[in-house]
Every structure is written in structure tokens, then in C-alpha cells.
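Two complexes are shown next, each including chain A; its partner changes from chain B in the first to chain C in the second.
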Partner chain A sequence: MEHFIKILSKPDNIPIAGMVLLVFFYTGWAFVMAIRNDLRIKAGKGPLELEESGLKVDVMPHLLKREFIAALVVTIILVIWSVAVNAPLEEIANPAVTPNPSKAPWYFLGLQEMLVYFDPWLAGVVFPTLIILGLMAIPYLDKNAKGNGYYTLQERPFAIFGFLFGFLILWVAMIFTGTFMRGPGWNFFSPFEPWDVHKVVPLTNVDLSELLDIDPKTPWYVREVPGFLFLLLWFTFIPYVVALVKRAFFAQLGIVRYWVTMFLFLFMLLLPVKMILRWTLNLKYLIVTPWFNI
Partner chain B sequence: MPETIEQKPPKKKLVNWEELSRQIKASQFYKSMFRRDYKDTPRNRALAVIGNVWLHLHPVKVRKHGIRYSFTWGMGGISFYLFLVLLVSGVLLMFYYRPSIPEAYHDMKFLEFDVPFGMFLRNIHRWSGHAMVVTVWLHMLRVFMTGSYKPPREFNWGVGVVLLTFTLLLSFTGYLLPWDQLALWAVTVGTNMAKATPFLGAEGPFSIVDAASDVRFALLGGRIVGPNALLRFYVFHCIAFPLIFLVFLSVHLWRVRKDGGISGP
Partner chain C sequence: MSRAFGWIGIVLFLVTLWGFWTEYNREWKGYQRGFRRLLAERTQKELQEARDRLSGPELEKARAALEQAVTIKKENQEDYDEGVKERKAARHIFFKEDRKRQFIKSRLDAALYRYEHEVKSGRAGEFEKGAVEELKRELSEQEERAAGLEKIKDQAEARVEHYDSPVDAAQADIGRLEADVRRLEKKLRQTQAQALVFPRGLEIKQFNLEELGRVDRCMTCHMGADQPGLEDAPPPFATHPQFKTLLASHPPEKFGCTSCHGGQGWATTREAAHGRVEFWHEPLLDGKFIETRCLQCHSGVTQLEGAPVVMKGRQLFEQYGCWGCHQIEGFKPLEEHRVGPKLVSLGSKTSQKWLEAWIRDPKTVRPKTRMPAFRFAEGEVEAISAYLASLRDDTIGPGYAAAEKELGHLSQYLAEGQELVGKLNCAGCHKVGAEGDVYAPELTLIGDKTRPEWIYQWLKDPKKLQPHTHMPDFRLTDREAFVITEYLASLKGQGVRAGLQGGVQQGGGEPQETLIARGKELIASKGCMACHEVEGIEQKLIIPPLTGLADKHIHELEFGYTRPEEVPRTVYDWVRHKINKPGVFDTERIFANMPTFNLDDSEVEALLTYLMTLTEHGLPESSRSPLTERERAIELGRQIVREHNCTACHKIEGVGSDVAPDLAGEGKKVRQDWLFHFLKEPRTLRPWLDARMPNFGFDDKEVTGLVAYFAALDGEPYPYESFETPAPTEEGLEAGKQLFEMFKCLACHVAGEVPEGVPTENLAPDLTQVKHRLKPEWVKAWLEDPQKIQPGTRMPTNWPYIMGRYYVPPPAKDILGGDVALQIQAVRDYLMVFEGVEEEPEPLPEPAVVPAEGEATQAEPVQEPVFETQ
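So, the complex of A and B:
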């Protein structure tokens, strides 16, 4: 406990604690608003926002008043925060002394945490690129015309589930893990466990071909067939089955949009899949080639 | 006793604001300062916005649901405000900071111990930066939850994603500038990723470059996080990225208006 409080109260970790609380609060808030609207829509009244969206108010004073109050509150918080907590300054940079653990800035710890499961070219380059492009693509992939401009769950469950899964579990929770539960050697520690520099975790991870007892001396393009097959099926067979089950969804999107949506979603899911395979089967790599590993 | 219906006395206000404001406006002092009073008319409310270059970012009237904190959470506006705080505190910090080794580190110490309010300045810049990352994420969460990325706002969502990326890049490049152990190693961990870029990273898959010509080298101006990297990050952080950010921010705020104001049913 003492150890947890010590890490929590490190000046640079205060924003993370704040972020977790705020994300919980605002997600909860969005759900309250959405459920209230869904009940109203069911009763035939339309979303709450509809009662006021037909009315216009003067920016001066109604909006400006609110902006002024928000700026005032933020200023007060910043001043109190800056008086109470000093920005840390450690020893002068020294390339000869590597701190253990070495951590990226907190907002990138989700990506650093991903390094446990994927090689840097995936975790550090391909995933971030796909996150940015994928976010930008959302409006062009989501063809559901409902739920534009008001809170609702019922009218767009898939979109909201997909987004919140990515944001809350794969981004925010991973940052939390990376900050509070990764100690020396990037070893896993439960939140209340002190960070023991000498903790040794045996490296017993194995590749898929080893799990399947394939002779390691076979050429890679034969040895790695199961891994390639897995990925091929992952990105083709699953979309195919989902399209059969969810025909209306498929028809609404059309084949290109549908497949791009599924590709991005399934790419995101590779992370939890690999995590689970690591925890259960100690899987290291699905595919090992002379150039890259997955 | 006959039953009586209890009647609530009219709520007595602690302060009668309207009366107070009337009295202040009638005072000699007020009248001597503001030569002429603007009547609270629709026309004057509109003029207050149109006649001011800053308030002019706003339309004169907006739809009522869109000004509620319960709808927008005010997060876009708060992110913008934090950016302004960062701009002002950042310019002030630049007076005391030299992007070279070891001066950069000593300037941090100087700010902390010798510059009046130097520590406060550094703190407010650092904590606003962290806070802005959080508020931008929350703003994105709100925009998603209200489905506000749907037509006609698809493009502005994309502009927002660029702003999010540059918010993170600004924060990351700023991380190196104190030149302490935290800075050096956080940026070392971060930029090591660039080594693994397919094709263009020295250790990436299908690499076609070596460590002296890959993307990491371009980013750092060298093979290690050293003096060139510090200078590059300084220029990115203080000049290049803020300028790019401002360009996209102008488009973003302009599009909010052009796309019909805050989204609504």
C-alpha cells in the first residue's frame, strides 16, 4: 500500500490518476445521458436535446458566461496545482546511467506496454499509424445515420462498443498498467507489491511452430504455415462469418467499407488475442521469418 | 384548530443582484468611468459579438442545447484555453532557456531557484501540458458519444485527429527540454521505436537504410539523443509544431461554425 501511494503521488503520475477518474466520470455521464434518451425515444418523445435544439439563445451573455466560468475554474485548478506540486527535475541527463525501468512519457505507455506482446515495428510503428488512420476513417465507415448529435446507446451499439473497448481497455487501462504495475525489467507487479529490482521471471515463451512440434530446421516458409494460416483466416474467415450472420450490417456498408471496418477492428483485437495467448500458452510469436516476427 | 395549508414564504435572496447592479450603474464613479451605458437589447447583444474580433469566432446566436456543459462538457473549449495558457507560459519560459548541453539543465535550476516565480512558471506549463492531453481525449470521447463525427462533420473529426496527434507530439518534444535523466530516457525509449520502421528504420523489417540515414537519425540529428536532438526537439516544440497546430486549429474552429454549429438532433 505504502508503495502504491508512493508511485501514485509522484508528481508526473498525478495527471494519470486524474485522467482515470475523469474518464470514469465522463463515460458514466455519457451513459446516463444515453439511457435517459433511449427511454425517451422508446416513449416516442425523441432525445432530450430535441427540446432545446429548436431554440436559439444569444451568445452574449449565455455562452460567453459559461466560457468565462470554465476558464476561471481551469485557472484556479492550475494555480493550486502549480503551487502545491513542483515539476520534477532529476539528475542531469547521463547516457551512461540507464534507469530501470526506463519509461516513455505516460501517454505513450499503452504503446510501450504493447511491446511486451509485439515487436517494435508493430507496437511502435504499425499500431500507432493504424490508430491515427483508423480514427480518421471512422466517419467514412460508420454509415449509421442515427445517433447524430445526441447521446444514445440503442441506436448505435456496435460503434460505441468498439470505440469504448479500444479507448477504455486498450488505451486507458494499458496506460494504467504501464504506470503502476510495471517495475524494474518491465516485470509485472501487482499494484501493492513493492518493486524488487532482483525479481527474475523465467523466459519460457515459445513460438507457435514450437507449440505445434514442427522441426525448427524446416525452412521458414513451411514451418510458419500455421501462423500465416491463422492470420489469413483471422482477416478473411471471421469477416465472412460475421457477414453471413449480420446480413443487414454487411448490406448497409457494402463490401469495401465492410472489410476495412472489420480489418481495423480485428487488427485492434489482435492485441487482446495475443495477450491471452501469452498468458495461457506462453506464446511468443505467431510467425517467425528472417525479416520480421509477429 | 382548523387545518391550515402551510404557505411557503417567498424565498428571500441573500443578495438582490439586480438591485445591486442598478445601484452600481447609477453611482457617480461608474458613470464617470463608462461614459455611456449599453442597454440590454438584442441589437447590443449581437453587436457585442460582431464588434469584437475575438468574440467574432462565435455566431451571434446558438442553439440552446449546445451551450450546456452536460452536452459538450466544455472540453473542446477547455483544450483551447489550455493551449493559450501553454502559449503564454511557454513564451515566458523561452526567455530563460537555452537549448544546449549542459545549459538547458542549468537553466532549469536557475528557473527553480533564482527567477522570481520561475518554478511556478515551469509548473504551470508542465501541468497544463499534461492536462491538455487528458482534456483532448475527453473531448474526443464526447464527440464520439454524441455521434458528432457523422455528416456533415466527417472532415472536422479528421482535423481533430490531427490536432490530437500534434498535442501528443508537442508534449513529447517538450519532455526532452529539461535535459534531466527522466527526459533523456523517456525520449530514448520513444525514439527507439523509429528504428523499427519498416523499410526506413535501420532495424526494421526490410530495412534499406543504416543507422546513419534512417528516420530515427533524421528525428534526432544523430545516432544518440544528444545535442542535435535537443536542438531539433526545441525547434519542433517551440516553433514548428505550434505553427502547424495553429493552422489546423483555425480550420477546426472555423469548421465547427460552418458545419452548422454544435451538432444536435
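So, the complex of A and C:
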């Protein structure tokens, strides 16, 4: 426990711990509001926000007073923080020595965590690009008009849980892991384990073709057929099955929107899938070519 | 809502106050306020002392004088006032007339200019000449008038001064006596103004040393470090303890503080600056480890004043052959062959059983050996011993056999051999019994180990068996070598060690051939080759170099199963434990091949201190002081001397034994060409003694190094020396010969052949050697006063020096007019051409002239060296 507290209370980790708490607080708060609204909608009363939209007060003094108090409280917190906690300076910079562990700024730790499972061109280039494009595409893909201006859960389950999975599990949780559970040598440490620089873990991983006992000397385009097949099925078969099962969803979006949505969603799922394959089968790569590996 | 505002406002105010309070309370600010208080207190004390000193009779006297002068002035007030009035009038008139004089003078100068101008423009000066004459006359009149008035003014002034000057003088006296108090009062006002509760001007003081990449703020708290006079102040305000010696030659403006002391120069808190804090790898060096920093600049030397520990460590590193395995960038031993003997012909030298005991644990066989103990698995020792015992040399033996046949084994040989061992000073290097040095292998139980054939061969020609050995060749005769062999071979132990001779049982029934083959493999993989040369085997061990050891990050070191309480997690503790017990950090995955050297605590600390100098973050080249030519020569010479253990017999630079002559002043004494040849191939200078300078087989580099070393020690030029060339006259030589005979030099000194029937302890060196060997200036100095050059010598002072002048002994009164300097020169000149005498010297060993002073030293010689003075 003391090790965990030590890591948690490092000056540069304090904001991250605070951020995690804030994220969960506001997510929980949104859930509370959403459930209350869902109950109201079920009872036929409509969301609370609709009822409150008729009540109005002046900005001055009602809003400004609250904002000013908030500003003062933040000032107090900043003064206390700056006096009580020293700047997290470490060793004198030495170009010949990299610190161990070498960590990216906290907001990039999710990307750095992906590097454990994917090649840099994927984890560092393709994934971030697709994340940004996907977030930009959401307004054009979302045809569900409900939930505008009020909290709700039941009316937009796919949108909310799909986003929360991507944001909380694949982004915030990975930042948390990267900050608090990745120690020297980028080894994984459970929260209460001391960070031992000499920790040794088995790191022997194999490719899919090796798992399938394909002779490594065969040409790569023959050897990697199972990997390509897996990806092909992943992006075609699964959307097909889902469309069959969720016919209304498919009909609402139309074929193009549906497939783009599914592609983005499945691409996102590639990350946890690869992680699970790594943990269970020690899988290194699905596909190994002379130019890139997936 | 408003109440919330109020509370938050109060909290914000308090938080702000707290912020100011922490700023006021910063550690260094507290120290600076403390230092200012200290200065104020000390000034107060000094002031009190100065005041106490002041109330003496001298001040009383000065005050009485003042009072008296004032009274006199008051009593004659009328006269004084009148004088003042008169002085005023006289000054007024004088200044007026003097001003007039100045005007006339300047007008004259202008007129002269105009006149000169006229002359130059060819108008002959007719026009202005009259004006010039007129002004000159006017000026001299005015000068006369002013001088008269000045006299009057001076008289008037003197009248006033008569009353004023005693008052002024008394006041000046008092002022002088009170100067200290006044000064201290002023200082007290200043220091008190600085020692307020909220003082102004507290600031971080720092040396920003761009070249060294350091910013040292130590003086922010150690404010008195560069101020002498605060030696007794409490820490951290005291003066630097080595203010005069170290700080003066290493000014902090140039080197900062942390260059030598370590620590975090940037830090402004006590703990961060001194303590072992995270992320700072250069903690403050305490006690002996501070010496590690000396070598950052003074790295090329093996002797450094004020750094004995680190120098000892460096020496240990060299002597124990650590460099055989661990490379250090820049470290080069003087002789690059390995520290241990070459492993040849061991089968002809010793027994397999002895080898087994030796290899298993050398220290039990020979407690002072430098050979370390390895950690062997079962059967490994036997295999290595078997291999080594299989190395034989058939050329060893015939020599001994011949001598044995000729001389036989007589019981008297033992005593004879023992005596010879004593006379040759074998104990200078070898331990024999309780006595002797551990520079070379102990001989106490040599009979258990070494076969007589081998000993004989070794004594006759050591270099033949071990080409790189330091054992010198004593030029022993067959008989001498044989009796010594007889004696040494008789040195055998009882009990445990006695069982070391003889054969071995075949362990485990392994055939000898496979045992030998396995031994050969082991020698390659255990690292034996780091210290021993073995023909036909190549080293198979990879050992990390030690360069940058002190910079090692703690995470780069494996602490094995040790707990932090046993081995604190610092590089120092890691290295210390590793030296003490190399296997201490072993685990299932790690096995340390390093053997145990069994060093004592002080040796471990010294070696550790040396190893901790191995940093790659040393000071830049520009801040080091390079060795001068002379220092380099001395450095090299000292290494050679140490390497060959010259101090076993000689005293060099005040250290060493009295067995052979003290070599102080050798550079001034002997000629360099003679020394070169002597070192190359020593001749016995005193053939009547058993002791002799052996032949070390120096190579050219070593010989020139030694010659340059002795020259450098005495400040003599090298390699071209110059000395006075004696140019004797016929008359001078004749006088020299006369004196030479009169002083009966040959009563003790040998000339060519050693006289027979003379007690050898009274013999002195051969005088026919003087011209080749000694420098003429030195011979002169020696004749003048031998006691000055070598106190305690039995060489008499022939020209006694009493009460500040030399006396010519009565019989020599008439030679060369009784001039001492000429006489000494004459004897010297005669010696420089001396080739020996025809006639037999008088066989009287009686000292010729006994001077008054010389008597004491002659009656009871201070030291009785085996070798006598030249």
C-alpha cells in the first residue's frame, strides 16, 4: 500500500489522480441525472430539463456570484498546491541516459500503452488518425435525434456505452495504467507492488503463423493468409451478422453509414482483442510482412 | 451566499499570509539572519573589548594634555583673539598682493609668447622687447613685496598656532587611541542595521562556474567560509578549516565548492544540499572520501600531499594487479607484464600437493601473499594443480647437481647460508621468520615448497627462469649460491604445513590426463591469466572495465539477496562489500568470478576511495594543473623505485632502510653517465663487504628514468649536466698531493686494490673512482664539511670550522699561503686525477686528524651503516 501511496502522491501524478476522480465523478453525476430522467420519461412526465426551462433568473448576481466564489476557491487550491508541493524536478538532463521508466506526458500515455501491443506506425499514426476522424464523423453518423438538451440513458444506449467504452476503458483507464502501473522497464506492476528495477517477466511472444505451425520459411503472402483472413472476416462477417440481428439499427442508418460506423467501432475493438490475445496466447503479430506488422 | 463570500475571503487571506510566512521562513534566509546576528554579537563583543583596552594610562595622559592645552588657551584668550585678528588682516593683504603677482606673471608669459612669435616671423622682436623687459622688472618687484607680506602672515599664523597646535595634537592622540573603538562603533551600527527581524538584502549567493557546469550556492548559508577570523564560529558560519592551505590554492571563484566536496550546489535547503536525496548522484563527500576529488585534476601522480588514502588505494590497485582483469581508461601500470609469476616449470619447482594447498587458500599457506582465494567447485583445485605440476623444465638441476658433487652437504653450510642471507639483506624484500618485508614471497617455509635444484638455479640467474622478475642478480659465486640453497631448503615447517610435500592420492580415480586437460580449461576460464602468464592458454573471461564506476546508477548494480539494512543502496557500499566478499551479491543467476583478496579494513577503504575517483564527469582539462617536466621525472622515478623496492636497502627521499647508502643528494653527487652505467651493470663499490648492489636488469627506460629522477630531486639539469672542469696547475697538484698525504687519506680509503690485513670495517671507498664517478663541485663540498652532507659519517672534517671561520690545521699552515679555499680546491684537483699510488699505504687504520667537533660523532657513530660513506 505504501508503494501505491508513494506513486500516487508524486507531484507529477497528483493532477492525474485528480483527473481520474473528476472523470468518474462527472460520469456518475451524468448517470444519476440520466436515470432520473429515464424514470420521469417512463412515468410520462418528460425530462426535468424541459420543466426547468421555463424558470429564469438574472446573470447578475446569481451566476456571477457563483462563478466568483468558484474562482476564489480555485485560487486557494492553487496557492496551497504551489506552496506545499514542490515542482517535480528529477535528475539533471543527460542525453546519454534515459530515465527508467521513460514516460510520455500523461495525455499520451494511452498511446504509449498501445505501443505495447502494436507497431508504432499503427499505434502512433493510424490509431490516432482514426480516433480523430471517427470523433469528427460522429455528428454525421448519428441519426438518433433523441437526448438533445437533456440527460438520458435509455434513449441512446449504443452511443453512450460505445463512447464510454472508448473513452473510459480504452483511454482514461490506459492513462491510469500507464501512470500508476507501468514501472521500470515498462513492466506491469500491480498497484501494491514495489517498483523493482530488476523485475524480470517472461516476454517471449509468437506470431499467428507460428501458433498455427506454419513453416516460417514459406513466402510471407502464403504464410500470413490466416491473419489476412481474420482481418477480412473481422470487418465483413461481423457487420453482416450484426445487420441480420439488429435489423432496425441497420435500416435506420443505411448501408454506408452503417458500415462506416461498424468499421470504426470494430477498429476500436481491435485494441482490446489484441490485448486479450497477447495475454492468453502470447500473440505477437497477426500479420508479419517485410514492410509492416499488425 | 454573502456569508460564503466572507468565509472564503478570510481563508484566502490566511492562505496568502501563510505563503508569505513560508517565504520568510526559508531555511537559507534563517541562516543568513543568524549570520548577521552573529556578526553583530561579535562586533559588540569586540567593541566591548576595545573599550576595555582603551581605559589605560596612555589615554589618561592624552586627556590631561588636552585639558592643559585648553586651559592655557583660555587663560591667554585676549592674546589669542588679537592673534586671530592679526592673522586675518595679514592673510588678506598677502593674498591680495600675491594675486597681483600671478596676474603680472601671466601677462609676462603672454608677452613672451608674442615676442617669440615676432622673432619667428622675422620681425626681430623690436616691438615687444620693451614690454617684456618692463614686465620682468614689475614681476620681480611684486615678488619681493609678496614675500615680505608672506613673512608677516606666517608670523601671525605662528602666534595663533602656539595655542592651537597643542590642542590639536592632544586631540589627535586621543583620536588615534580611540580609532579602534570608533571603527567598531561604526561597524556595529552597520551590522545591527543588517540584523533586524525583517532585514533587507537577503540573497542567494552563488558561484556560477560555466566552464565546470556548476552553480554553487553553498556560501548562501556558509557565509563565513571565506572570512578568516570566524574559525570558532558555530556551523555553518565558521571559516573553512583549511582556509590557508587548500582554499588559497583552490579559490572557490574558480573551482566552486562542490568540485571538491560534492553535494548539490544548486540546492537551497540543508537536506537537499548535503543529504543523500533522490535524483542527485553526487552527495556530499564525508571524511576520507573527499580525497576522491583530488584525483579529478591530480590524476597523473602516485604521491600527493594531503591525499594519502586515495594514493594508497591507487597503489593497491596496481600492486594487487586489479588492472589485470579490470581495465580503467587512462590507468597504465609502469610495467605492463602481469603481477604474478609466469606459470612455467612448476613441476620442477614444487609438488602437486603444495600447489593444491596453495591454490585452495593461499593465505593459509602464506598469510601475507597477494594471491587471492578463488571459489572453486569440488575437484577444480586438483585439476589445476595437476596441470601446473605437469609443467617441467629439464634444464633445472644440472647446475645444482654439479655444485652438490663438488661441495657436498656440510652442516656448517646452514650457518654460513644464514649469515649470507642476512648480509645480502634478503629480508629487505623477503620475509624470513619473524622479520622481513612482504614485497617479495615469504621464505619462512620455502623448504616445504621449493626444490633445492630450483632455488640454486634461481639464485644464480633469476631472469632466466622468470624474464620479468624483480629479483635482482646478486652475482653470487657457485659456493655462495649453494650455501644459501642449503640454508633455504632447510626451512621446513612442522605439523600441518609439513604435510605439503610429497605426492597426491588420485582423487576420485580420475586419470591424470583428463585431470590435466580439465585443469588447462579451468585456468583459462577462472581468470588466472590476469596475473600469470601461461604459455599456450588464452583467457576466456570477460570482465567489465571499471571506467566510470563511480557514475554507476544504483539501478545498474545488482544487490542480490542482501537486505538494505546490511548493504545500504549506494555505489560505495556495493563496491565495499564486493571487495570484501566478492560473492556477496551472488544469486542463482549470477556468479561472481572475482576472488577474495582478504584486504584489511583500511586497505579496503583506500581501494574503495581510489575506485570512487573513476568518474567520467571530472573537471575540464583547463582547470587542471599539468605536471612540469621535473614533476613528471620525479613521478616516474618514484614509480620505478617502488616497483623495484629500492628502499629495502637505500633511503630515498627520507624513506627507506639504512642498509645501503642514503641517496639524498645523489643527483648532486655523482655524474649522470656514471650512474647510468652503474645502474645498467652495477660494479661492487666495496668489494670487502658481502653486501653488494645487485643487478636489477633495468631496461633503458628505467635507467634513464632513475637518472632523471635523481637529477630532478636535486634540481640538477637533465639530460645535459654541466659541472666545473678542474684546471689544476702544477703547483696546485703538488700542494694537493702534499695535503693528501698529510691528511693520510689512504689510511681508510682504498686506492685500487683492497689492502690485506686491514680490518674491513675501517675501509672507505676507492679513491681512484672519484674522477669517473663524482661531480667536482660535490667533492669540494664534501671535503669542506662531510657532516653537513651526511651527518654521522666517519669521514673527518679536515679543516675545522669553528666560530664562523675555517682553520687550517697547523702542519698545513704554509701550503698555498694557508688559504682554506685554495687548499680544498687543491685536494679536489688532485683527487680528480688520482690514479693510485706506487708505494704501499701505511697500514695504520688510525684517523689522521680529529677535529674538535668530529669527536663526538666518531666516538659513538649515530648510525653504523654497513656501507660506509664515500
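Here is the rule we use: the second predicted complex is superposed on the first by the 291 of 294 C-alpha atoms of A that agree within 3 Å, B and C clash if a C-alpha of one lies under 4 Å from a C-alpha of the other, contacts with A are read in each partner's own complex, and residues count from 1 in each chain.
The rule is simple: a contact is a pair of C-beta atoms (placed from the backbone, for glycine too) under 8 Å apart; a residue touches a chain by one contact, two chains touch by 3 or more.
Keep in mind the model is a prediction, meaning the values are calculated, not measured.
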item: Contacts of A:V197 with chain B and chain C, given as first, second, both or neither; value: second
item: First, second, both or neither for A:V97, with chain B first and chain C second; value: both
item: First (chain B), second (chain C), both or neither touched by A:P184; value: second
item: First, second, both or neither for A:L72, with chain B first and chain C second; value: second
item: First (chain B), second (chain C), both or neither touched by A:I80; value: second
item: Per-residue touch tally on chain A - higher for chain B or for chain C; value: B
item: Chain B versus chain C as contact partner of A:L89, first or second or both or neither; value: both
item: Chain A residues contacted in one complex by chain B, in the other by chain C; value: 75, 79, 83, 89-91, 97
item: Residue ranges of chain A touching chain C (in the complex, touch as defined); value: 65, 69, 72-73, 75-76, 79-80, 83, 89-91, 97, 100, 184, 197-198
item: Touching residues on chain C, where the partner in the complex is chain A; value: 1, 4-5, 8-9, 11-12, 15-16, 18-19, 22, 279-281, 553, 555, 558
item: Residues of chain B touching chain A in the complex; value: 42, 45-46, 48-49, 55, 58-71, 73-74, 77-78, 81-82, 85, 101-102, 105, 108-109, 112, 119-120, 122-124, 126-128, 130-131, 133-134, 137-138, 141-142, 144-151, 153-154, 157-158, 161, 164-165, 168, 171-172, 175, 178-186, 188-190, 192-198, 201, 203-206, 224-226, 263-265
item: Footprint of chain B on chain A - complex, ascending; value: 12, 15, 18-19, 22-23, 26-27, 29-30, 33-34, 46-64, 66-67, 70-71, 74-75, 78-79, 81-83, 85-95, 97-99, 102-108, 111-112, 119-121, 123-126, 132, 135-136, 138-140, 142, 144-152, 156, 159-160, 163, 167, 291-292
